[in-house]
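Alright, structures below, take your time with them.
The following pair of complexes shares a single chain, chain A, combined with chain B in the former and chain C in the latter.
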Partner chain A sequence: MASTAISLESVNKRYGSTVALDSLNLQVEPGEFFVLLGPSGCGKTTALRIVAGLETPTTGTVRIGDRVVNDIEPKDRDVAMVFQNYALYPHLTVRRNIEFPLRARRVSSHERERRVMEVAESLQLEDQLNRKPGQLSGGQRQRVALARAIVREPNVFVMDEPLSNLDARLRVEMRAELIDLHLKNGTTVLYVTHDQVEAMTMGDRIAILKDGVLQQVGTPKDVYDRPANTFVAGFIGNPPMNLMPGELLGEPGMIVGIRPENVFLDDNGSIETRVTLVESLGHEHHVACRLNYDNETIVFVRVPSTVSQVPGIGESIRLSITEPLYHFDSVTLERKAIKT
Partner chain B sequence: MISGRRRTRIRNSALAYVMILPAFVIFMIFVFYPLVKTFYLGMYRVPPFPGLPQKYVGLSQYSSVLSHSEFLTPLWDSTLYVLFTVPAGIILGLGIAVLAHRHLAGIRIFRTIFSSTIATSVAVASVIFFTLLDPTTGLFSYWIGQRGGVGILGNPTWALPAVATVSIWQNLGFAFILMSAALNSVPDDLLDAAAVDGASGTRRFFRITVPLISPTLFFAMIIGVISGFQAFGQIDLLTQGGPDGHTNVLLYQIYTVFFTNADTGTSSVMAVALFVILVLLTIAQFLLVQRKVFYADKR
Partner chain C sequence: MRTSVRTALRYVFLIIIALVVLFPIYIAVVNSLLSGQQIAHRPPTLFPLHPLWNSFSLAWSFGHLGTYLRTSVIVSVLTTLAALTTSVLAAYAFAFLEFPLKRIMFSLCLATLMVPAEVTIIPNFRTIQILGWYNTYPALIIPFAASGIGIFLLRQSFRQLPRELHDAAVLDGYGHWRFLVRVVLPLNRAMIGAFAIFAFLSSWNQYLWPLLVTNSDSHRTVQVGLRQLEGLNPDQQNIVLAGTILAALPIFLILFIFQRQLVRGLTAGAVKG
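Showing the complex of A and B:
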């Protein structure tokens, strides 16, 4: 399949006085798996719908390949979309659902049959072809939605939280399948999610949005290791980065960030705290502690399950920290380039 | 010896029967008894002169009336009337609902206007159109050059379509509300998906919207056919069955035969026939059309 770049140049979207996207610039490379990540209402779905042609930008330019597509109908953009709730046509069988885009493009019946069977086989849907979507499980519906997108052999896939309606186990399976699929056909994917695990595991690059404003673009490692500001630092990583007021080389007005995996239980540690919450995940424990010297600040510690003595709630414990430390300006909330 | 559980069950059933008794009594008095009585009256021939005793003729009156043009011509007129009003009513209602199903400024005003005819009675609608269709002063008559003479309502060709138009207009508000509600129930995501899948607006409408609102279209068709065969008010107010019987639909004929001719036998036969026809038509529609209807909860 062909791979095509997507670019959004100074794209704004306003609904009345509400700003959904504020001067968004994005460049998705051909064949890239690009993830738009952010909390609900950050504008990521709006950006996706603008690329698909379901919304028009208030100002700005959208390009797919070399073509400016601002005024091009969704049907003529060669973009296939997977929806959050699958958006399968409930009155049509799985077969008719998958071939719907082909029928709309007047593909011959022989060719339709060949492509439907090929896609159905690759997604293990051969036995479901004559059933209606209502008779399928969530995972099967998800596959049909994918099949309907793939069968067209489009230039670009856009996916709007396609895994969010699946249960946890199925989500992990489908994640692997999507990555596999992308590796096989190499089509450009623009993928929207609020789930940082999906973003980190699937994306070649991630763009993090907040309130319609782009916060950072980078590889998963980039955004984790070098968060551009406190929002990204707090959004990526579970538990989130610990952020507390501090100073840098004697300069006050700083926010210091430490990842929970860089904080340790240490009887000789210099930081005195009291445990407020312990979450046991099996392979590790997340321990939340309140600082003794600053009752406002909660520090998360990741404790591996190999540690035999997990503190209980209310217990006083001491912590020590290691590098890296991150320093953010307490006014702009941007990260200072110095890393100690 | 009756066990405790059995006694509770009997008491519960008894209570249930007591609860449905009022509805049952009303049904028996106002529906079931008149139906049986009508069927029974249809077996008695009314003598040509008042005062003479009615004569029991059994089902022979049924066969003679139902094969007579006195019944068949009004039945045909009713059929034409239904063919004029039902498809046009549904298509117009759907068309206007599609137009109003947009996020435009001030669209609510239009929605209110479009649905306003639901608050109009047959009498009001008929008077409005009677004025518009008046041969001398009516605006419609003026537009289509039918000035003077007998006008549209007196024209054998145009009288039935004119009366049908009044009904379509009067029922438009209901059809509009029905279709608007149906259109609102179609998920936007499906239409978005179809748009991205490459379907044109027309294709989206006929391949996605129409199948998804088919239960409403089916419902509109069933009640349209039933109410079409029961049309009376507009006929009585606009044409009284004229000119020369061209708008003499079945129910109006039954009314005329019963009240004007005082022929309870013949009119009862026709009333029973209308009942049977409506039941058969409804069954036929369920059998033939319902296969094309998609119910979201029936998988």
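Showing the complex of A and C:
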């Protein structure tokens, strides 16, 4: 078995003067569920399309397994892609959609039937096989798109925001289903999303991308506990990490970061603030407070619903904080690791 | 309440338009069933109490309509098939392929739409002569075997397919040919059908060009052949009209059979957009 399933080495992609990917290096391990996370327009789709072979990198090397695939046709890369908008063929039945890739590969009709049934069963699509995509719900369409990828039994799956068109509840269900599928068949997945919750809950590892530049690669715990810079710190976690100007051991020009769950309502706290916004989610409340000594800075506090006294908007409250504190260089925005 | 009034007004308006359009056709049918003297009678007869059906058989035999109709069918069917084939292939290339000078070539296709047919008639006639095609089927078909409007319409329609359908097919190992046949054609049936009808009608209704490049009855189309009937006496207008109706009959049939297809194709862009 190859040491990496997918590897991008110094991959650049330009569209005219737009730099979609800037010297991207990524190594995806075999069997890994690898998530590419970043805001819209950061180059996620471009990276996937380069792996799939739908785009050629301007410079750089793409490997799948231990083959360099830069000059290999998409169909010969053994990569199956799931598209954001499903890309089902509206004039074909679910059965025909699922077996579409098999027909191209001239799989015998007997074998085709067997594989379609097997996949349809595992995704609860048996009863939909004779319907057209237009007659299905969003979740069912998503399953058909998955089935069409799975039926190929590829070496690698690439998925481009496959859940972003589903409503919130279905998204959570499908998340679990996807993880389940991945655990069952163990195929390498390169998964793209702009949703940090999806990334955190699904990924074995996460790569965070911004403006075509890789910010950090690590396990969900890594990127949460040790964000490489202010961008990662602010992108992961909801509400985002509080970032404010400060100093470290007397050295000014620092940005200090603290997660909202490490800030507490505390009548004896040393930080005086006024409440500007309260969002109640049921299991917890997100309280935004403006610092009295620095009107510019808003601090988010995560208040568990077990706290009975939730402050109202405009109320003056005091806060206290606990470790860990994060320190970022205010010029490079990189995190400074402090040895204590 | 207000919308129902508006709907009623709209229908009144449409009915008036329909009457204006249909009236000449109705009069042609009525007059074809009257005798020559009755046609000349004033006030004109609006309903034939004793229709004379024999004008149709006279027109058929006297005008050799059988031969002409056969030629017209051959020419129109082959022209339509040729125009469809070239338009589908060119539109596919413009919609899905990247190649040098693509934009310029597409602009050239569009530019042909701006050139009036009259401008090209003489050079085309010279070409036909040089090729030795005078009085042959190729002379009637080849000049219309490619269509700027067809390429344009189909390309617009093809481009409405989500890019991902093409990407998915490429990943699954479908070449251009199979993607065209399995996905593009079935999903653009409405527009392709509408263009086929359009191409057939324009070919069927050609007059000047077939008149110019043929001189024998064996290769004259029905529109040109109808001129035979002009040699009749002025009091035999009914036979001329009967011949005209016979020549237009295939058109009515096609419109009747395919009208839903046609409307769907012409409004497809509006519905999707």
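Please note the rule applied: the second predicted complex is superposed on the first by the 334 of 340 C-alpha atoms of A that agree within 3 Å, B and C clash if a C-alpha of one lies under 4 Å from a C-alpha of the other, contacts with A are read in each partner's own complex, and residues count from 1 in each chain.
In this text, a residue touches a chain if its C-beta (ideal position, glycine included) is under 8 Å from a C-beta of that chain, and two chains touch if they have at least 3 such contacts.
These numbers come from a predicted model, not from an experiment.
A.B. asks: Which term applies to chain B and chain C once both are placed on chain A by superposition, clash or fit?
C.D. replies: Here chain B and chain C cannot both sit on chain A without a clash.
A.B. asks: Classify the contacts of A:Ala104 with the two partner chains as first (chain B alone), second (chain C alone), both, or neither.
C.D. replies: Touch partners of A:Ala104: chain B and chain C.
A.B. asks: Would you check which partner chain A:Met81 touches, where first means chain B only, second means chain C only, and both and neither mean what they say?
C.D. replies: both
A.B. asks: What is the contact status of A:Lys132 with respect to chain B (first) and chain C (second): first, second, both, or neither?
C.D. replies: So A:Lys132 only meets chain B here.
A.B. asks: Is A:Thr332 contacted by the first partner chain B, the second partner chain C, both or neither?
C.D. replies: It touches nothing on chain B or chain C.
A.B. asks: With the two structures laid over each other on chain A, which partner does A:Leu54 touch: chain B (first), chain C (second), both, or neither?
C.D. replies: A:Leu54 sits against chain B and chain C alike.
A.B. asks: Can you list the residues of chain A that touch chain B in one structure and chain C in the other?
C.D. replies: Correct list for chain A: 49, 52-54, 74-75, 79-81, 83, 85, 87, 89-91, 100-101, 104-105, 148, 152.
A.B. asks: Which residues of chain B touch chain A in their complex?
C.D. replies: Residues 187, 189-190, 192-200, 203, 207-208, 211-212, 294, 296, 299 of chain B touch chain A in their complex.
A.B. asks: What residues on chain A touch chain C, complex-wise?
C.D. replies: Chain A residues touching chain C: 49, 52-54, 74-75, 79-81, 83-85, 87, 89-91, 100-101, 104-105, 148, 152.
A.B. asks: Which residues of chain C touch chain A once you look at their complex with the stated criterion?
C.D. replies: Touch residues, chain C against chain A: 162, 164-165, 167-174, 178, 183, 186-187.
A.B. asks: Quick check: in the complex, which residue numbers of chain A touch chain B?
C.D. replies: 49, 52-54, 73-75, 77, 79-81, 83, 85, 87, 89-91, 100-101, 104-105, 132, 134-135, 148, 152
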